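Please read the structure below before turning to the comments.
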Amino acid sequence: MQNIFLSDCDKPKEECGVIGIYEKNNINTAVLAYYGLIALQHRGQESAGLAVKNDGIITCYKEMGLVSEVFDSQILNLLKGDSCIGHVRYSTTGESFVTNAQPLVVKYKNGTIALAHNGNLVNAHSVRREMEEQGMIFSTSIDSEIIAMLIAKNYRDDIADAIVKTMDVIKGAYALTIMTNDELIGVRDKHGLRPLVLGRLEKGYVLASETCALDTMGAEFIRDVKPGEIVIINEEGIRSVQTNAEEKSSCIFEYIYFARPDSVIDGISVYTSREIAGRILAKEQPAEADVVICVPDSGTPSAIGYAKESGIPYAIGLIKNKYIGRTFIQPSQEVRETGVTLKLNPLKEAIQGKRIVIVDDSIVRGTTSKKIVQALRDAGAKEVHVRVSSPVVTHPCYFGINTQRQGELVGASTLIERIKEKIGADSLGYLSYEGLLESVGSTGKGYCAACFNGNYPVVISEECDKHMFERR
Amino acid sequence: MQNIFLSDCDKPKEECGVIGIYEKNNINTAVLAYYGLIALQHRGQESAGLAVKNDGIITCYKEMGLVSEVFDSQILNLLKGDSCIGHVRYSTTGESFVTNAQPLVVKYKNGTIALAHNGNLVNAHSVRREMEEQGMIFSTSIDSEIIAMLIAKNYRDDIADAIVKTMDVIKGAYALTIMTNDELIGVRDKHGLRPLVLGRLEKGYVLASETCALDTMGAEFIRDVKPGEIVIINEEGIRSVQTNAEEKSSCIFEYIYFARPDSVIDGISVYTSREIAGRILAKEQPAEADVVICVPDSGTPSAIGYAKESGIPYAIGLIKNKYIGRTFIQPSQEVRETGVTLKLNPLKEAIQGKRIVIVDDSIVRGTTSKKIVQALRDAGAKEVHVRVSSPVVTHPCYFGINTQRQGELVGASTLIERIKEKIGADSLGYLSYEGLLESVGSTGKGYCAACFNGNYPVVISEECDKHMFERR
Amino acid sequence: MQNIFLSDCDKPKEECGVIGIYEKNNINTAVLAYYGLIALQHRGQESAGLAVKNDGIITCYKEMGLVSEVFDSQILNLLKGDSCIGHVRYSTTGESFVTNAQPLVVKYKNGTIALAHNGNLVNAHSVRREMEEQGMIFSTSIDSEIIAMLIAKNYRDDIADAIVKTMDVIKGAYALTIMTNDELIGVRDKHGLRPLVLGRLEKGYVLASETCALDTMGAEFIRDVKPGEIVIINEEGIRSVQTNAEEKSSCIFEYIYFARPDSVIDGISVYTSREIAGRILAKEQPAEADVVICVPDSGTPSAIGYAKESGIPYAIGLIKNKYIGRTFIQPSQEVRETGVTLKLNPLKEAIQGKRIVIVDDSIVRGTTSKKIVQALRDAGAKEVHVRVSSPVVTHPCYFGINTQRQGELVGASTLIERIKEKIGADSLGYLSYEGLLESVGSTGKGYCAACFNGNYPVVISEECDKHMFERR
Amino acid sequence: MQNIFLSDCDKPKEECGVIGIYEKNNINTAVLAYYGLIALQHRGQESAGLAVKNDGIITCYKEMGLVSEVFDSQILNLLKGDSCIGHVRYSTTGESFVTNAQPLVVKYKNGTIALAHNGNLVNAHSVRREMEEQGMIFSTSIDSEIIAMLIAKNYRDDIADAIVKTMDVIKGAYALTIMTNDELIGVRDKHGLRPLVLGRLEKGYVLASETCALDTMGAEFIRDVKPGEIVIINEEGIRSVQTNAEEKSSCIFEYIYFARPDSVIDGISVYTSREIAGRILAKEQPAEADVVICVPDSGTPSAIGYAKESGIPYAIGLIKNKYIGRTFIQPSQEVRETGVTLKLNPLKEAIQGKRIVIVDDSIVRGTTSKKIVQALRDAGAKEVHVRVSSPVVTHPCYFGINTQRQGELVGASTLIERIKEKIGADSLGYLSYEGLLESVGSTGKGYCAACFNGNYPVVISEECDKHMFERR
């Protein structure tokens, strides 16, 4: 019996997590942000950065690596300031060096702006072209710099005005934390595509991508930043500027996979939505089986929901090795063939001779599912029924999630029956689109589910890609 | 709402994991062992080491750190050999430097012996004294060196004889992998206190502390090494020498906490035993509650069992941050008080307004339990009923588990009612001793449960402590 | 007898070293540049960086640390390209993070420009203000970005035109290596303040701050880039654009201290100029003494010259510990007082009972000289005659050398007689200004010696400082 | 013109440096030892270690790497004690792992002994065999363990007795620092082959391989430890036990190459002996030349002496790059051929058109000399006269210097005329044996010069090699 080596590359990749802190007379906000970024680490493991403001002067430190690798006590000691913003970025290849890490810092006639961005613009190409035509000069290859530059460019007297003007130009997804020489600002795009929440500290405020970061920092949740809203925090307190928002369409995939289950986004608990999805899935896609297991860790809540609804007992069926980190030596092809597999080990006792329902949160390419099904059979499963707690992914995402291009999406062109055969399952069932909406308490409004239905809330008029500007 | 920072120090600590590989014509056994050690990493995170044999010459490399930190491709490249043994050691303070890491290597007139030891001798002090009186000289402060020295000392023509003689002298717990210039040897103490399994590779054999390592290396499980057995593998094949064993009393705590749930020890699935323990616990210690949750990760199977038996729904109630590693900066007292807590975050939605049963595998000092109960109350739990899937720990372990001394064991001197008050629970219930036996299919024989009942399988006649020899 | 711990902070600090390579069909120019940067490491130890061009796409990698720390084989493997530029920066405090490292990369409508800069602008403040007024936005706090931005801004069809226009605006010191999507360019400011040389490879060209880098890379020296010259290398070959240069005034301190002695700048050997300076010093400032020693390593050639001219024998009098690197733990005050001193140890046998002439290249603050004189006396020197192979430093440098502000220059306000007393020497003699000119074969023209005479080749109309833009 | 890449492998390698400190009430002796080891770093760069004693308990920390890499503030903080010994070891291949690093620690019935050894035993093989026959068991493959084991074995009541007995058995070279639970001990072998000095601290004593370490630690030199002497330091003070020494024959190569020039060994200044050697060389091997240069850094004093005696001016002719450390990427063959050379760059101005005398301290294999001669010719030297400030090395060393085996010694089998041709020099002259003796003030007694004359002070009856025990 062998266990399974799963690279994470079969899952969509969230682009980033952002954070912002403003707390009067607390010179150690960077320490708090460090813990907040660790709570958001699941949103990005490639690079981490913090910009702090002290006496109006902004200092930035960022590097490739996990939060706990990038920062040590010595560096945090150098990052004194009563305000800061932070950023974690997802893992890509080794070719994207530290230049593209965030926060970004731009300096212009009225001061300095630091910016951290989660999301993806869809008109970056044309906006940047236009800015370049006007003579603007960039120093990175990422779309986030466009936002920082536009804000600086639009600044006259009031930062809110500058941001409003910027938001009229840029299209796409952005949850931003921004720091000027005086203020901390949070911005959520007009559709609310990416999440951003506001919390309260004893003597200040916090902005973060998810509520789990508030919990970790001991901050009290106030509310979600609204689509199109600009929240400005300075020594006079907090104020809000509401731009003319579009219809809210927050990313439904946050609930399915990205967000931490202990987070609450726009009033909906991530954990609860996943458990409900599992329940609905059980109704829509029942199975004659002896046990329900999950693909750890993201499939767990849905599997529990499935088990509850179906009455089939829930069990642990795959054990995950938690010691496989970044320095781990990948097994060579040769070694892999002799059976060295590591990440997931089937728990034979829970599986042998049983009819298994295995619940996963999503299938993107299908290669991992195939390995898991095979491993379960090797461990003695009589039948393997794969249940997916989201619909078939048919369209690429342009808003900050690194899904494969359409050609790679197994669901884009393949009938479910064919996918079932490909992964070797006895049966395969997806959650319906309606079921997904129900799991997040929706009747069809309020969410972007373009990856499932192709209805993009913003017209996609150009090829867009976070790193498009690298190719020049 | 705050989440909880739990240092791991409230759990007993397993001393070690061991491994051994012999595969003819495979010069890369160290690579296989690397993956096997990663599968055993849960048994020890302080140091890792490998000794390889090539053409009869033994080379050893060991360092402080996780397996993936100690070894990189370059070092594995230097460790060529068709036979090897490996070791991981538990985490202690920074004061125990690399000298005490394993494998140990001793060189004597007939050659070289490398040895990896999981367990603890109980007569190390008197044996070592006697050896020293005879003029023997040691170079470490650990009991394992006594074993290696005795084997070398006893060696005449046959390694099995030397080991048999050694086993007549040493008392206590030991699962050993030993490598000589010609052979790989596995030894399990006369009571079988520590686990050791034998597996088959295509052209060789594997020894490991747990079956999960066999799975990871693609080895086929053959059988457990028997109490008092010596398994000798060389180019002529495999042979077994059975010494006059005592009554088997393998460590019952392996099932409760130490072993990975996907391992099978002496024919009993760790996962299954935990789930059954949870079921029995539900019968013995029922609770009126709305939901059953676990302390991740070790309490999970018992919580699932408890839920099944009681009919109370199982849910995820605490989310664990998996990015808190060794380089992580511990929060200062000041920061901790402002609420920075990290490791476990209560999932409010699953808890608020509910009567909670929380299942943990064991309580040693009780400090963590107190924090968890408080965090659940802060998250809105109406009632918190703590259930422990093992009996009250009343006695220290002398066989390789770093439990606190008797004075620190909350269960040694405190009534359960008092512990309940101390941790702030609405009710507290432990698994009975009989229930524990039942969970591992026993009627009272075959296990060492001295930490629960004080019945040590070996007379403890002296103060014993793995690092006793440091204090000279 | 104790030896002396000298921090390097008593010496002026050179800002940078630059390099550029263009070699058709050699995809490994970064490897060559790595060795070239190591040869220039004495010009800057704080950060190192390389930008490579492959198929017109520019990739940049830079980090804090020595060249050999920043780059390893794996990273160099990622930096493939037939053209590259590189940079090393001097060591400052830990507060200047990697954002300010070079090469800088800017992206504008016509492509990408990478730039490495040695030197300092003196009108950075006003130029940047003006650019900001025009809406330009910066992302670093260093003056070098102004140059890159201006070139991008001025670009129409021809890079040379853009650089010519830029050179009409910026004032001060700059030796630049620039890489566009098609070309490698070298630029030396109109006064030739900072050095830059051109060399030939088998199939390409090299630009470097000093000839020692050419030697290291096996490149043949062609000539110095001329003041005001722009050298453009592309697949059609090499061409030169000569802007209307000012009177040449290359930095005379390069000969005294900065440059490696095996380099030749503008036709004058650094080593030879130092030896001649020592000879002239011996004539101008003779001493009755038994032995001439040097402060290693920069004072060596002048001491040899002094010895030859005076007939007093040359000897080694201070031994330098070459194993004191960046990770070295600085002795605490307490330890320092008990005598732990490290960097220079007096060689008692060469000193005891003798009248010593000790030759240093320059005195900036005088604190180190005082320690050395004391150490020599402790080692038994009968008399200590300090001779300095350059004149009294009286004025700060604005062109890229981090000398102390005028208030800290011991020579700015103090009579030589007082300095002598301060450092405890029996006599103190400086090279005359005329002697310095003679040592570089000049009759008063061709060099900037403003630090000695206050005659700045460019009007210094504003406060200028490399990191001035940090303070906003 | 190209410069030269010299790996250090063409020089003999010193095995080690040792240190020992005893200072009442100074709990930070390890910090002092750290600085002392840095002063001895030239004697070994492979590994570094310290053992400290606190309240009678000995703790040891050692790792591969330079002193400044192995120890940081955190580790030194863990190494508290009023007594300590330390060790640096020479650089070998990556195959000798940390097990063989020193200090060694052995534990026996009467306590613990830590030992640091510089030198090499010549009867290690037979002594170890005998000890093994008696049942003694070793844990490393180095001869130093034999000494530690014998001392422990011989210990009854008095450590001095045990050491005396041990010294009667072992033959060869050893300078030892030893620490027991109560004492610090220094031992020098009966011939005084390896150096060891005694110094005074304010409240204690220091032992070190060289006086330069005393200077660095602010200790006052008392005297050399005598051949066959045992110096015992404890809370009652210092006492000496003199064993029946053999005729003193301290290693003459310490003066030629190993020791730091600022050290004084057995009353003779290393620097002075080198300068005198140069003077005598000038008389014995005159040359018609324009300039005398040295191979930096070890050839410098002799070159200065040669210049003085001959009247030919001394100059710097080769510049050494001091930034080439351990992490440096060695140039590939391909790159090397295109001319990347790094370590030594000829100073053309000092060489071109001149007749050069180049003074090196010794020639072992001759490969480096050949490269240097060629580089000097490439730089325009009219003639190159190589002068060596020691005689022809004809015999291997068995006392702790890693010279090549006899077959590799160019001088063992080749006539000087042939060597001259091999290295391409116009003339080649070695110092005579008599000249060498004169340089250290000897008339033929007191030194081991076996590498030059084959007269080993101890009978070499077996194959001996520091790592001989690895090959079992």
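Order of writing sets the labels: A, B, C and D. Residues in every chain begin at 1.
In this text, a residue touches a chain if its C-beta (ideal position, glycine included) is under 8 Å from a C-beta of that chain, and two chains touch if they have at least 3 such contacts.
This is a predicted model, so every value here is computed, not measured.
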Exercise. Chains shared as neighbours by chain A and chain B?
Worked result: none
Problem set entry | Rounded Å distance, chain A centre to chain C centre (Cα mean) | 47
Exercise. So what's the Cα centroid distance for chain B and chain C, whole Å?
Worked result: 59
Exercise. Distance-wise, how many Å sit between the C-alpha centres of chain C and chain D, to the nearest whole number?
Worked result: 36
Problem set entry | Multi-chain contact residues (two or more partners), chain A | none
Problem set entry | Touching chain combinations (by label order) | A-B, A-C, B-D, C-D
Problem set entry | List of chain A residues in touch with chain C within their complex | 56-57, 59-63, 74, 78, 94-95, 97-99, 104-109, 111-112, 129, 132-133, 135-141, 145, 148-149, 152-153, 181, 469-472
For this session: Please name which positions on chain C make contact with chain D in the complex.
Result: 1-3, 28, 31-32, 34-35, 38-39, 41-42, 45, 66-69, 71-73, 76, 201-202, 212, 215-219, 260-262, 264, 269, 271-272, 275, 297, 300-301, 304, 308, 313-316, 319, 321-325, 327-329, 331-332, 335, 338-342, 345-350
